[in-house]
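Scroll down for the structure; my scribbles are underneath it.
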Amino acid sequence: MQSAVSVKDLKIAYGDHTVIEKMSIDIAPREFLVLLGPSGCGKSTLLNAIAGLQDITSGEVWISGKNVSWEEPKDRGIGMVFQSYALYPRMSVRKNLSFGLRVAGLPKDEIEARVARTAALLHLDKLLDRRPAELSGGQRQRVAIGRALVREVDVFLFDEPLSNLDAKLRNELRVEIKKLHQRLGNTMIYVTHDQVEALTLADRIAIMRDGVIQQLSSPAEIYRRPANLFVAGFIGAPAMNFVEGRIERGDGPLVFRSKGLTIDLSDYSFRAAVAEGPATLGFRPEHLVLDGAESGLPTILGRVSVVEPMGSDAVVWFDWADQSLSLRLMGDVTLEPGDAVAPGLDIAKASLFGADGSRL
Amino acid sequence: MADPHPNGPKPVQITAGRIGLYTFLVVAALFFLLPLYTMVVTSLKSMDEIRLGEIFALPARLDFSAWMTAWSGACMGTVCVGIRSGFWNSVAITLPSVALSVFIGAVNGYALSLWRPRGANLLFGLLMAGGLIPYQIFLYPMVRAMANIDLYNSLAGIILVHVIFGLPLVTLLFRNYFVSVPEELCKAARVDGAGFWRIFFEIMLPIAVPMVVVVSMLQFTGIWNDFLLGLVFAGRDNLPMTVQLNNIVNTTMGERTYNVNMAATILTAIVPLAIYFLSGRWFVRGIAAGAVKG
Amino acid sequence: EDKPTIEIMSSWTSGGEAAALNVIKTEFEKRGGVWKDSSIAGFGAADAAFQNRIVAGDAPGAKQGVIGLAAADFVSQGLFNPIDDVAAAGKWADALPKSIQDLISYDGKVYLAPTGAHGESWVFYSKEAFDKAGISQEPKTWDEFFADLDKLKAAGVVPVAWGGQPWQQTKVFNMILLSQVGIDGFLKIYADKDKSEASVEGAKKTLAILGKLRGYVDAGAAGRNWNDATAMLITAKAGVQFMGDWAKGEFTVAGKVPGKDYGCMIAPESKGMVYIADSLWFPKTGNAATDKAQKLLAEVVMDPTVQVEFALKKGSVPMRSDVDKSKLDTCAQKGAELMSADAIVPDQAIVLTPQQVGALDDFVDEYWSGGSDDAGAAAKNFFAIFE
Amino acid sequence: MSIKRKANLSATIALLPTWFVAVAVFIGTMAWSIRLSFTNSTLFPSSIYVGFAQYSKLFSSAKWLASLQNVLIFGVLYVAGCLLLGFLLAAALDRKIRFESAFRTIFLYPYAMSFVVTGLIWQWMLNPTLGIQASVRSLGWESFVLDWVVNRDMAIYALVLAGVWQGAGLVMVIALAGMRGIEAEQWKAARIDGIPVWRIYVSIILPQLGPALAAAGMLLAMGVIKTYDIVVAMTNGGPGNATEVPAKFIMDNLFGRQNLGLATAGATVLVLGVIIAVAPFRYAMHMRGKAKGAA
Amino acid sequence: MQSAVSVKDLKIAYGDHTVIEKMSIDIAPREFLVLLGPSGCGKSTLLNAIAGLQDITSGEVWISGKNVSWEEPKDRGIGMVFQSYALYPRMSVRKNLSFGLRVAGLPKDEIEARVARTAALLHLDKLLDRRPAELSGGQRQRVAIGRALVREVDVFLFDEPLSNLDAKLRNELRVEIKKLHQRLGNTMIYVTHDQVEALTLADRIAIMRDGVIQQLSSPAEIYRRPANLFVAGFIGAPAMNFVEGRIERGDGPLVFRSKGLTIDLSDYSFRAAVAEGPATLGFRPEHLVLDGAESGLPTILGRVSVVEPMGSDAVVWFDWADQSLSLRLMGDVTLEPGDAVAPGLDIAKASLFGADGSRL
């Protein structure tokens, strides 16, 4: 199948400073790809290169089977939504939506029809005559999306479209974007550094670091089997717990040993044969079971330092050895700071990383 | 480009738009430079050559004598010492005037925008109205008032006059700037126990440095170039350079030496010009930092 | 120390002017005075500075200014010191033309010390340009004059180097008026505000001639400084210039000699000369030393040698009729003769209030640049100035 | 006494000198002028009241009427011209230009020059026999005409030209700073929409620079009413009344023509006019500020 | 016990516009009180009034048993942290911290000691000589907190201290603030509009709306038994599901009826006796059990529209009648848009609101 968007051996540098390093990605039609990574890793740069807003140093960009590396942005068949909304401040919503179409010289009724359709889709009908300054953050973001939609193109690019909104709105609009994607079936490339957005929206997530893709997989795969320490630490809130230690071959099966803790690794599915050596054990807060002893799992003895109730669940932080670990509990929690806990760890769900940081 | 397979950076093309852009800029630059060019050229000609009336022609022979005359030889009345005699007067008038008016303007802007005491809007309105009145009208009553407080014909007097007439503009600029400073900064300092002046000196003034640069440059130009106020208020021991310049340039029935006039003008303007050439960058930065907002 | 000390405010700042002022200064200092110079070029600026000094109660000891009603205003406000005793001791009344003596006195007391007079009825011409156009003789009548202008035009020379500033234009108007109405007629109009048939006719003829001149000036005339016009004669780009005798200074600086490189003549058909007279004013300062200095200065100014030396430097005509005129150049000699013969009429600044002077400037400029040839209507406006 | 008011005491005290200036100098002078405008003062203030005589004289003076008209034409064209040229220059410099700072300095330097002599230069340059016209003609274009200073109908535009030469640089700097402040994402959005560059400047950037340009306009307008030097240096009001301006009218009558009553009447009319012209504008700003504060 | 901070009959108005309406709160020593509410409800105004930065119209403010209504901010014994950090831009971190102490004229070594102590506590030691512009967002926020701490006062006021930070940092600093409170034991008043912060940090939450407190209780109480519709809708992400209907007395027990759904209310604990009439039923996403039929609970039949996996759990949105409802599932979810679901509702955990919006 032809890719909707593909990037081939793309390299982007500012002078000596390489921002994107020989990158290749293929994005299928109708796919929702999320680019996730810390600030400054090159997400926007990559997105801008696809849009044609950024000069590339070498490599190619293809959209809908056409090499568009030298095309103008407007000719690439893309729509784009920006973090700051980038609405034209002195134009009404209607004008914001129609400006590009008018410049392109579309017939009047065609423009009106498209604007009306887009406005209806995004519930902007009643706002058409307002100026951006008279809109709330969420409404502005919807207009920004509308401006991309009205172009009726196959590929949408989003650059952190929700990060200027408050938590509540962010949650609401996230669902709307997801519904929109399901309804329209366009290809979407979505940049964010919020892992919740990535997990909930993406068909596939590309996790980037310093211009290099660390892992490109489905959200579930990334959450469950992170390719390396960086990915493991980046995804999940609160972050995955890491314990440093060594893999040793005791009497029989492999074990992981650290600060008095010994965990049998028989249930862990290694990618390849593994030798003894330093390793890091990673496990997510919800992979600790509060009543470790009863469940027959290896237990980690600690003392509660902080309890964070969040309504439906709670995160409990406890001190173990010289570090602080977290565990997630459902429902109401009666633990208090100072209480002793002995949660059990299900090693089958945990992750082990070798000395070079990649998953074992 | 007929390349069938675009790869890598888009080749740079010199477009008609770019050429048009540079043409526009160069033409504009010529327009802006032409007067300066004419002045310089004229100052280097002899009077015989100037009488030919070819103002754009290059001088046949470089002749710096007009510059010497303007600087140290031109007569004003029976004294022939050139305009250099006014140079230090101009400095003595301009520097304190600029410093004082910038300081007062900064305090005003700060108080008007971040403290908003009773009547702040009224005061600001009055200042703006004052800024729109042609200042010739002030001469007469001001002279009287200054004479009454014994400041007429004194350095302090002319400085005071410049500060008063600079107040509207300077206050306007600083107020606009401080309006954009977050109020929380002031609140934080008040929780820390700082009072009005402490906040001003230790927090607000350091923030406003770019603005101070802009206002200082505007005020400097205005005051340095002032002629009338200096003439009327400074007194004969403090006359600024512009008065000497006027004496050279502005004779009614005496003969005129244009080369000396031009040289004298350029010499008079050289300080503000130097400031613009050397610190234009700061000026632009200051403006960008919010000096002039709606 | 009680040396007579005085601050002199003048607007004489150019080379020749300063040299002339220096004549007075040198003599004043020789006689034990202490001289402080305050020069401000430009009438507007100098007026503003002087008036403000008076308002501030800090008047200078002397101010150079034109004899006329501007000074009268100050005198009538009681702001000036009389110098009657000096005038009496120096027998000024004998040495000065009667009309001048009248002008410097108010209510029977002398207040102003005259320094020199400028003739304003002069037509300068470039000999080179005249040669080029084949003109060998100075024109005697306006008809001849215009015929010569036509010749100049034909020769590719700008006929008239016109200084298109109101004050210059008014001077041309006055010199033509004098040539049309004569000395008595001129005085009747300006001094007595006479509106008789003869006066009106004269004004009409004057305006007609003035209007005709428009056809002989170049495109760049408007706003032109008089010295730029003179430069046109010096470079033989133009033929004639109407100007006061101070224009000689420009010729001199350019190394031109009167009678050889350029000529000067009184306006055609003119029986006399319009003059403007400079003087020193002596404001009250309330300072005894200054009062003393004022008397000394008045003495110095009227000293016969100073008068001549001053006139030489300034290119003007001495006020005293009893001085040695042989040192003066040919133009100045012509002027001095007319002066001695009292064939002179005052400039408008002498007989009109400053407001009226302004109005006259406005009127002439309006007529000149308005382009209308309706001399009759314009003449009516002219007489309206005096109401 | 409330807290804020106690703390505000310092602010009030700090503003006292300014209050003094505003009331004693600005208002005081205005009151003085208004009083004198009803007297027959000539060289010095007199206390003989003549009612509105000075005003009727004022408004029957062709010079005054012309000067009002001129300052209006000059003001509008000068401010508009500075804004337009300044904006164009800024837009050009905004386009990633080589030697940007050199260009910037060239456009800005006239602001540092006074008109005492630049006025003379402009007079020369616009004089048909000396300046640009003569030069262009000597290059072979015989019918070229640029005689603004000597042409009654065009002289006012000569002033505008010289004024724009001096003031455009300031607008350029302000506009350029504004353009640099516009977020990059707007540019990107517009490029994706396929908007041509000139259209972006006109339709998107220009409206956003509104407040900055208004402030620049205010700065220039403050200068317009005081316009004096440039006129004296270039045309001295002529040809005819073509370039008379109120400040010069007032100055002439104040000193040279010794007509204090008429001068103060002129000043009064001028200030009233300015207040009438500016008040609605300030009121609108005030209301807008209020609306913003509440939002 | 004496209150640490108390506000009595406080009223604040700008001209005619009343922002705080006759409010009284008592805050106990060592308590962590969170003021939560939508934008513009008057949270900052209230906090500023306590700090002395805001004129009060009537009423009193008491701190540590003293009426401070007319005191200067510096004399109230408070420290304050602002949303925009409000660091002094031209001063180094050290100077930022010590400014207030220098103003107060403390001896030099005392100042140094305090700054060192605070810097150590907040891990700012290495940043002391930097300017604010040279710090990251999180570091700046820590300096802002340090500036309040260094004053060594009993009461801390926080005005949305975390809302300018990105999600990851926000989570981290939240835990740090909680630990700080546990360690220092000061009274803290904390303004936010993020309900996660409120739930995790607060001892008590005051939920405000238009200058009026809607509910002032512990986080658990507010989450479980919201006092009215506003509180119920404001707390919880995704928001509580609301179904409008009527309470009717069928044959025997009360039932709630809506669009074909009938729910027996015998298990619901009413606050007071209830008559028939219109009502709104509210239930949180986690109060729906996926296998409704098996659990014997009343079921709601619907069709999945959006699935939002979040790693440890997932939110499933489904369409029922004419509205969209959410349910939360733990672990991996295999549901896809379009699937039919029939989740069961545990009425004991739900909330019923009367026609006036308050809890029944």
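Brief remarks on what is shown
When the chains are written out, they are named A, B, C, D and E in that same order, and each has its own residue count from 1.
Throughout what follows, a contact is a pair of C-beta atoms (placed from the backbone, for glycine too) under 8 Å apart; a residue touches a chain by one contact, two chains touch by 3 or more.
Note that the structure is predicted; figures quoted are calculated from it, not measured.
Common partners of chain C and chain D, by the touch rule above, are B.
Note on connectivity: the fewest chain-to-chain touch steps from chain C to chain E number 2. Interface comparison, B-C versus A-B: the higher number of contacting C-beta pairs is recorded for B-C. Chain centres here are Cα averages; for chain A and chain E they lie 26 Å apart. Chain geometry summary: the mean Cα position of chain A and that of chain D are 56 Å apart. As a whole-number value, the distance joining the C-alpha centres of chain B and chain D reads 15 Å.
Among the residues of chain C, those touching two or more other chains are numbered 43, 48, 55.
Chain D has residues 7, 129-130, 210, 251, 254 in contact with two or more other chains.
Within the complex formed with chain B, the chain D residues making contact are 7-8, 10-12, 14-15, 17-19, 21-23, 25-30, 32-33, 85, 88-89, 92-93, 95, 97, 101, 103-114, 116-118, 120-122, 124-125, 129-131, 134-135, 165, 169, 173-174, 176-177, 180-181, 197, 210-212, 214-216, 218-219, 221-222, 225-226, 228-229, 246-247, 250-251, 254, 260, 263-264, 267, 270-271, 274-275, 278, 282, 285-286. Interface residues of chain B facing chain E in the complex, by the touch rule stated above, are 182, 184-185, 187-194, 198, 202-203, 206-207. Chain D makes touch with chain A in their complex at residues 183, 185-186, 188-196, 199, 203-204, 207-208, 210.
Across the complex, chain A meets chain E through its residues 39, 163, 166-168, 171, 174-175, 178-179, 182, 193-196, 199-200, 219-220, 223, 235-238, 284-286, 305-306, 308-313, 315, 317, 328, 330, 332, 337. Residue ranges on chain C touching chain D, taken from their complex, read 43-44, 47-48, 51, 55, 70, 73-74, 77, 164-166, 218-224, 353-355, 357-358, 362, 365-366, 369-370.
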